[in-house]
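The first chain written gets the first letter, and so on, giving A, B, C, D, E and F; residue counts start at 1 in each chain.
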Amino acid sequence: MSTLGLIEYKNASPEVRAVYDDIMATRKTDWINNFWKAIAHDPATLKRTWDDVKQIMAPGALDPLTKETIYVAVSVTNQCNYCIASHTVGAQKKGMTDAMFKELIAVVGLANEINKAVTGYQVEIDEQFKTRR
Amino acid sequence: MSTLGLIEYKNASPEVRAVYDDIMATRKTDWINNFWKAIAHDPATLKRTWDDVKQIMAPGALDPLTKETIYVAVSVTNQCNYCIASHTVGAQKKGMTDAMFKELIAVVGLANEINKAVTGYQVEIDEQFKTRR
Amino acid sequence: MSTLGLIEYKNASPEVRAVYDDIMATRKTDWINNFWKAIAHDPATLKRTWDDVKQIMAPGALDPLTKETIYVAVSVTNQCNYCIASHTVGAQKKGMTDAMFKELIAVVGLANEINKAVTGYQVEIDEQFKTRR
Amino acid sequence: MSTLGLIEYKNASPEVRAVYDDIMATRKTDWINNFWKAIAHDPATLKRTWDDVKQIMAPGALDPLTKETIYVAVSVTNQCNYCIASHTVGAQKKGMTDAMFKELIAVVGLANEINKAVTGYQVEIDEQFKTRR
Amino acid sequence: MSTLGLIEYKNASPEVRAVYDDIMATRKTDWINNFWKAIAHDPATLKRTWDDVKQIMAPGALDPLTKETIYVAVSVTNQCNYCIASHTVGAQKKGMTDAMFKELIAVVGLANEINKAVTGYQVEIDEQFKTRR
Amino acid sequence: MSTLGLIEYKNASPEVRAVYDDIMATRKTDWINNFWKAIAHDPATLKRTWDDVKQIMAPGALDPLTKETIYVAVSVTNQCNYCIASHTVGAQKKGMTDAMFKELIAVVGLANEINKAVTGYQVEIDEQFKTRR
């Protein structure tokens, strides 16, 4: 379910199917998760979003597992349950072990704690950290 | 500056100095950044927080650079300027190149975008993602 | 359900009923949604909140549909599921089409993405934007 | 400064002055802080907001210091620098000592940390906590 | 200033200049704001982000002023100062009057207040709002 | 349920049982809530987190009920459903009446509203509030 409903492959237009096919080929799976089916009502958004994901999450200076790890960290900080569920599975597929997951959550918790302590104490930025060019 | 002021090394009690010394030794630096000086008014909090940071950010299943990367991702999502400034420098010291930084911010932006799109469309979690034990 | 339970019309005091009646008359509906029943335990809060909603959401320099659209944008950014569900329906009643909804979510996603990118890059505000009086 | 500028007492309309007078009398001060001067461009909003603040922050089942403490906790979690600065001063005036401030920030930090850990681990709510009526 | 510095037009590569030219032509201005100069270190990100902005903020089912209004609402909820400053100016250019601005902020404040009240009371979604298809 | 599953007392190692025993003794209950069972996969994290909770939530300059109240205020602002459910029960056990709960949520709502209004109007901090030492 979703606000506008989900567009299944069998009911999809050729341009939507083309994106679905690319998602499945790229991810080496035979199914499409609900997020894509929800935004497929707007084929331009579907294509743009998938193109962005493909470009941004591809191997680069950071490897795909590190990128999934960052994605989970953001999703946890934002309390997005769907995103946590889907990207935790995604990270596990890319090699995240239980030990790595536990450390990830510990760092996310710590950063959230200290972010607020710093702000609460109204701490001024040290000159040494003003390295912006 | 900070709400309660900053406790400099020369004015610090022995127990605060012991933590400052450990921070400088662990980080191989000769100065203490403002956050620690701000919370040093409460030596128990100073020690507890530093012990937590030392334990959580140490090498483990995730390497220290990945942990700093996660820390920056959380700080950006929380819009904590002090934390972004200090941990971006921290990550650079641990080897984060400009290319890695750019990809980090791109993933953080993407995750924030899609987190909200998923929530906005009220997308239901797929059965395949319900892998919680 | 709600922490303190829901106060149904038939069990409500006269002052609570007066607010319920005004909500139904103003919204041209014959039922009261759970939020109001949850806060009705505190009649002063119920009345104050409803008076605020009536004043703020009324037609003015912005039309009611634009106001509902803003409300949904905030609720999505805050990941408030109840608020998204109720105000998406509210916006649809005021004329939001599926096409408008899709564009709304796209703008919300984009703004969330770029908000974080700007912050992540520690971008300084341009002089041209410092138009505060 | 503020987007629309600040309305000083000497330039204010009688209805705005009436609210300013009430703020100063209630708070036993002889000046108005910038927030009120910023929203005074809209006298109805000024009056509504001040009436809400007066009603909600007044002594009740919770004492005024506890209410200021809650206000600071929310402002820190939201990273609102103006609000932290103004309400920390407000809380200090109502009796918040440095020791209380330090404990407040520690609890805020802890709650933010554990909020994210709970969400990150996708923990299901215990039956014993489902006490909603 | 920005973490990686700002790329000025005169120092930009041809592909970066092409995006800058398109931004200025589309927006009918003769300058580029800092955000674009900050992300121009990564020409692929610059182009992708600008293409997304152009597509999403273009006139459609929602007019450009409504889209800017939504953008400001999100930026305020996220407490992103750069984004508020730049998009408030952007909205004013597209016709947002002071009266509209005041109502926008009032709705954003109200939605944030009620979002939290609903969540605080743990209110269950009404059957009537479960209209997801 | 939880990402890694829940570790029940009967299946727990001696070091995990020692923490569970201390939680039950400190809280005068005979059961362990899911959060602790979820993080018990990492005994070091379990012990560190419990030690932090015990230290921070103990009576001090702020009494335990005020601390629980702050905890709920943060959890509501973060929209963490598990945390709201568990700590509302925790606060009730420590003496929070329905009247206090209602005022708590009203203050949280107000602070969230005004936090955003202040930010939306880009209000500058008054000199009188710049009391940081």
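In this text, contacts are C-beta pairs under 8 Å (C-beta built on N, C-alpha and C of every residue); 3 or more make two chains touch, one makes a residue touch a chain.
Small disclaimer: the values here were computed from a predicted structure and weren't measured.
Undergrad: What are the mutual neighbours of subunit B and subunit C in this structure?
TA: Output, common partners of subunit B and subunit C: A, D, E, F.
Undergrad: Spell out the chains that contact subunit D while also contacting subunit E.
TA: Per touch definition, common to subunit D and subunit E: A, B, C, F.
Undergrad: More contacting C-beta pairs: E-F or A-C?
TA: Most contacts of the two pairs: E-F.
Undergrad: Determine, using the mean of C-alpha atoms as each chain's centre, which chain is farthest from subunit E.
TA: So the farthest one, by centre of C-alpha atoms, is F.
Undergrad: So, what's the distance in Å between the C-alpha centres of subunit E and subunit A?
TA: Computed from C-alpha means, the inter-chain centre distance equals 21 Å.
Undergrad: Just give me the whole-number Å value for how far the CA centre of subunit A lies from that of subunit F.
TA: Here the centre of subunit F sits 27 Å away from the centre of subunit A.
Undergrad: What are the residue numbers in subunit B that touch two or more other chains?
TA: 1-4, 39, 52, 77-81, 85, 88, 102, 104, 106, 108, 110, 112, 114-117, 119-122, 124, 131-132 - these are the residues of subunit B that touch more than one other chain.
Undergrad: What residues of subunit C sit close enough to touch subunit A in their complex?
TA: On the subunit C side, the touching residues are 79, 88, 98, 101-102, 106, 122, 124.
Undergrad: Which residues, counting only subunit D, touch subunit E once they are in their complex?
TA: 3-4, 39, 41-42, 45, 78-80, 132
Undergrad: Would you mind writing out the residues of subunit E in touch with subunit A in their complex?
TA: 1-6, 44, 48, 52, 55, 131-133
Undergrad: Provide the residue numbers of subunit E that touch subunit F in the complex, in ascending order.
TA: 72, 76-77, 79, 81, 84-85, 88, 104-106, 108-110, 112-117, 119-122
Undergrad: Which residues, counting only subunit B, touch subunit A once they are in their complex?
TA: 1-4, 31, 33-35, 38-39, 49, 52-53, 56-57, 60-62, 66-67, 69-71, 73-75, 77-78, 80-83, 85-87, 89, 97, 99-100, 102-104, 106-108, 110-112, 114-126, 128-132
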